[in-house]
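Each of the next two complexes has chain A plus one other chain: chain B in the first, chain C in the second.
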Partner chain A sequence: MTEARAEPRKRPVPFRGGGFRPETRRGLGAVVLIGLLLVIEWGVAAGWISPLTLPRPSDVIATFGALHETGMLYAHLFPSLSRLFMGALIGVSAGIAVGFMIGLFTYARAGLVPLVAALFPVPKIALLPLFVIWFGIDEASKYALIAFGTFTPTVVATYGAVDNVDRTLIRMGQSFGLSWWSITRKIVLPGAMPGILSGLRISLAIGIILLVAAEMLGATHGVGAYILEAGSLYDLERLFAGVTILSVLGIIVSAGIGRIERRLLRWRV
Partner chain B sequence: MELSVERLSHGYGDVEVLSDIDLRIPQGRVLCIVGPSGCGKSTLLRLIGGLERPGRGAVMQIGQPPADCLNPLTFIFQDFALLPWRSVADNVSLVLEDHRLGRAARARIVADVLARTRLSDFAGALPRQLSGGMKQRVAIARALAVNPAVMLMDEPLSALDAQTRELLIDDLIALWTRQPFTAVYVTHNLSEAVRLGHEIVVLSRRPGRIRESVTIDTPLAERDMADAELERRQKHLWALMRDEARAADAELIDD
Partner chain C sequence: MRLNRRQTLSLMGGAAAASGLASPAIARQRAVVGALRLTSHAGSFAAYERGYFDEAGLDVELRFFDAAQPMAVAIASGDVDFGITAMTGGLINLAARGALRVIGGALQEEPGIDGQKILVSNAAFEDGVRSPADLDGRRFGITQAGSSFHYMGSKIAAAEGIELEYRPLQSVGAVIGALQSGDIDGWSIVPHIATALDGSGAVHIIGDVADYIPDYQVTTVFTSRENVDDHRGLTQDFLGAFSRGVADFNAALVDATEGDSAAEEMLRLIHNYVYTDQPFEEASPSIRAGSMRLSPQAALNLDSLRDQLDWFKREDLIDESIEFDTVVDTSFVETQ
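== the complex of A and B ==
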């Protein structure tokens, strides 16, 4: 009966918590990206990736250098940025305004929700020829396309966010006799901000896609035109240089919104 | 200013929630409303505060609120209803911003009510950094800031633990003793009711009617938990409530 007399075995309670809460690790994203590029570089140099399928990343970087030196990088980048900025500005501000109206007014909701639902799934690129007729071949039609494309997702995100604002806070505002305008500005708007900002991420990504599409269909300068030209010449280095610009644009936009979120939503638990 | 509730009835759809309520809310006194869950206490308070339109009858305001009163009927909510993106001081200042007060006057009021609720050290904190009891004190400070003629409190202490509740009851009694305010205080906690109420109204199960009204004359500051008289009152109220709650349960079984 030695076993019965032995001390009961002692061991720590197994840990089962943790997880489900990803944290940001600074620089890890860059490590993944650079690692991938190094593998491709090595693959193309060693010959197990055909140079017809992928360019060497170092060649793409060299192309960037040339683009920068000739000034063509900026000749393409600035028109694209201004189109994206103008189009998204119009689309997002109109979208937030309409989203608020749908979120706050019965008649706007009844009248506009079906309309937005009808517009949302229409591929906006298909409407570019129409926009060219309406707004001309110049910048205006490109603004319109990007504005239209960012408008619908912003509306849907905004009115969803307004619907989700804590009603007890609004009732509190009313019980203290705050004006309608105060309640909207000081309670509904900040309360809807998290939803609006996460909608903005999607809207702006759609904006970048539409920017390229518009520039492919009718522009001499712009990242989209540059990519189209490179593609038709099967110039892989330049094609990938163009794609890289778009990716960087995407990263900058997403990081920018992340910054705004950290700033405006510090109050969140 | 006094309030009187006259022959008030209210329902949602086919469900009658309140039936024939007559109440008088005299100035400088705390009226407690108790009753079984779902009997319409919160609804009654919303009707009194003008957040909902009565189905029948009316809530009347007798006399004028004092001149420096910014919001005559002021609520204190069970879940505090603080704006999470504003600091303590800004949450209080929110309800003053719609009034022409001037920056200095507003800052003075905010500082005064935060001092009265012992929150001066937390003026810059966000709600998420506060304990439940402190959050409710912020809500009380916010209510005091508008100098209400009548405070409408819907189970203000129900979200708090027992110790915090005791401390806040003491706070409320101290506030009232220093400057008597008029209040309607909804609760289902009878010991709160007998400690804070000058008059306690018991509502019946739904549809809520006034079952009985009890007046307690002991001054608020002199009531302590061991008081035999209060004990007796509380037992009596509990007997009434228990009957109603039992009957409400039996109804559910019969259905």
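== the complex of A and C ==
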């Protein structure tokens, strides 16, 4: 009897905490990617992947080499980057301004939220012919398309972020007698920043998507025009080279926003 | 009545023979034919409507596309068996990858028959562009790099010794819009679209493509590599029936040797597929204006096709190493 009573005390209790916390494993992403590319390379070379379905990764890399050597890479990249930069600059700054207005002012919210909700789901590509009538087939219509595409998600992200600013902090500011402008600048703006930046990731990715659409009309140079040309020629190597450029652009933009986040959001603990 | 065993057997044999005679010796073959809603596809429409495909033992299904490029891809994917469109860069690259081959000719330019036109915008016309030579340094509309428009512009520029700035606009509709708004200066297009635009006062016709590319083979008949190698019978049957449709069309509308009633009949037949949103009276002049020669017996014009292939290579749109014989199979039809 005494033995049976003592037994529960002796049994060790295992540690059940831990887990559910992803850790960083540097380089694993690259290993997965390279492994996948090697499988494709082997598959196409061995013939169980038809050359109609996928290009050989080594051929795509060779296409990149040729693009770099002839200087065409930069001839395509520079116009696209300037279109993305100008379009996104206009769209994002207008979006943040309108988003703040909606977040802060009752009348702006009542008047503009339905409008933004109506504009958001409009496929911007469908409006391309209209943009051409308004802005011609030169750079202006491309800026306008990207600006329009980045504008609505930025507005939605911004006013959502302003809404989520901690109300107790605002009440505290009011208790300490801060002016409206001070509260906006010192509490609302920094408080909304995390939401705005994560919205920016989505807006800029949409901007990159729209780059291809913007270069459908009248563009002779640009990554989007290059991809479209490769598609119409059924040139898979060039197509994948172009798509890879867009992916790398996406990674760079995302990493850039990550840097800005770390810098601007240092105050977060 | 009562049958003995021998009678039963002979009856069974007779029934078997009768059912064997009723169905043709060879099973009927299915074929999907890709088409665009253009007069240049009248060969397929006529062969289909007049039962020539049927008589050749083919169960044909017409499948419609909006542009040449998707049709070539659909043949590569096996969704379509036979297609008729221009020899684009995409088609050549698919042929080089072993997916399809050009087996016959269709639409062609011919001196003396109204062919493709060179157009300029009103703004350019007022600016003094009265002949293709005046287009030097101006914007020329194309759908995509390597399209037939790109080839035509390039040949015109080379003949006149001028430089053109090519503007890819993806679709024919977008090119028409840009031409009307003056965003581009010049373009070339099949006659029924050209005359309709010129008639509406939106653009001006300033020349003929035939003057620059006299024997231009505009569109070709192509099929999958599998049909060329493994189903030669099917391919020959298709080309035979298609050629009968082409002959009817040429006789009725291009040479107009069959009289007015035959022409009217052919126009009505084509109207089942082309300009279906317009009443026949409105559509028939456009269809008639678009009647360019279809190559008799689907004959191939090898000189024109070689020239096009070389042009694609010079423009770096296709690989230098692609051989003519990889793209074109000359074993099915006559060549000229």
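By our rule, the second predicted complex is superposed on the first by the 253 of 269 C-alpha atoms of A that agree within 3 Å, B and C clash if a C-alpha of one lies under 4 Å from a C-alpha of the other, contacts with A are read in each partner's own complex, and residues count from 1 in each chain.
The rule is short, and it goes like this: contacts are C-beta pairs under 8 Å (C-beta built on N, C-alpha and C of every residue); 3 or more make two chains touch, one makes a residue touch a chain.
Since we're looking at a predicted model, the values are computed, not measured.
Once both complexes are superposed on chain A, the partners chain B and chain C fit side by side without clashing.
By the document's definition of touching, of the two partners only chain B reaches A:Lys186; chain C does not. After overlaying the two complexes on the shared chain, residue contacts for A:Ile251 are found with neither chain B nor chain C. After overlaying the two complexes on the shared chain, residue contacts for A:Ser175 are found with chain B alone; chain C is out of touch. Within the superposed three-chain model, A:Arg268 lies in touch with chain B and out of touch with chain C [touch as defined at top].
When the two structures are aligned on the shared chain, A:Ala97 is found in touch with neither chain B nor chain C.
Superposition on chain A leaves chain B and chain C with their closest Cα atoms 50 Å from each other. According to the touch criterion, chain A has no shared surface contacted by chain B in one complex and chain C in the other. The touching residues of chain C, when paired with chain A in their complex, are 69, 72-73, 76, 88-91, 93-94, 97-99, 144-147, 165-170, 173-174, 177-178, 181, 183-184, 317-318.
Contact residues on chain A toward chain B in their complex (touch as defined above): 168-169, 171-172, 174-179, 182, 186-187, 190, 265-269. Here chain B touches chain A in the complex through residues 49, 51, 70-71, 73-75, 77, 79, 81, 83-86, 94-95, 97-98, 126-128, 142, 146, going by the rule given at the top.
Residues of chain A that touch chain C in their complex: 51-52, 129, 132-133, 136-137, 216-220, 225, 228-229, 232-235.
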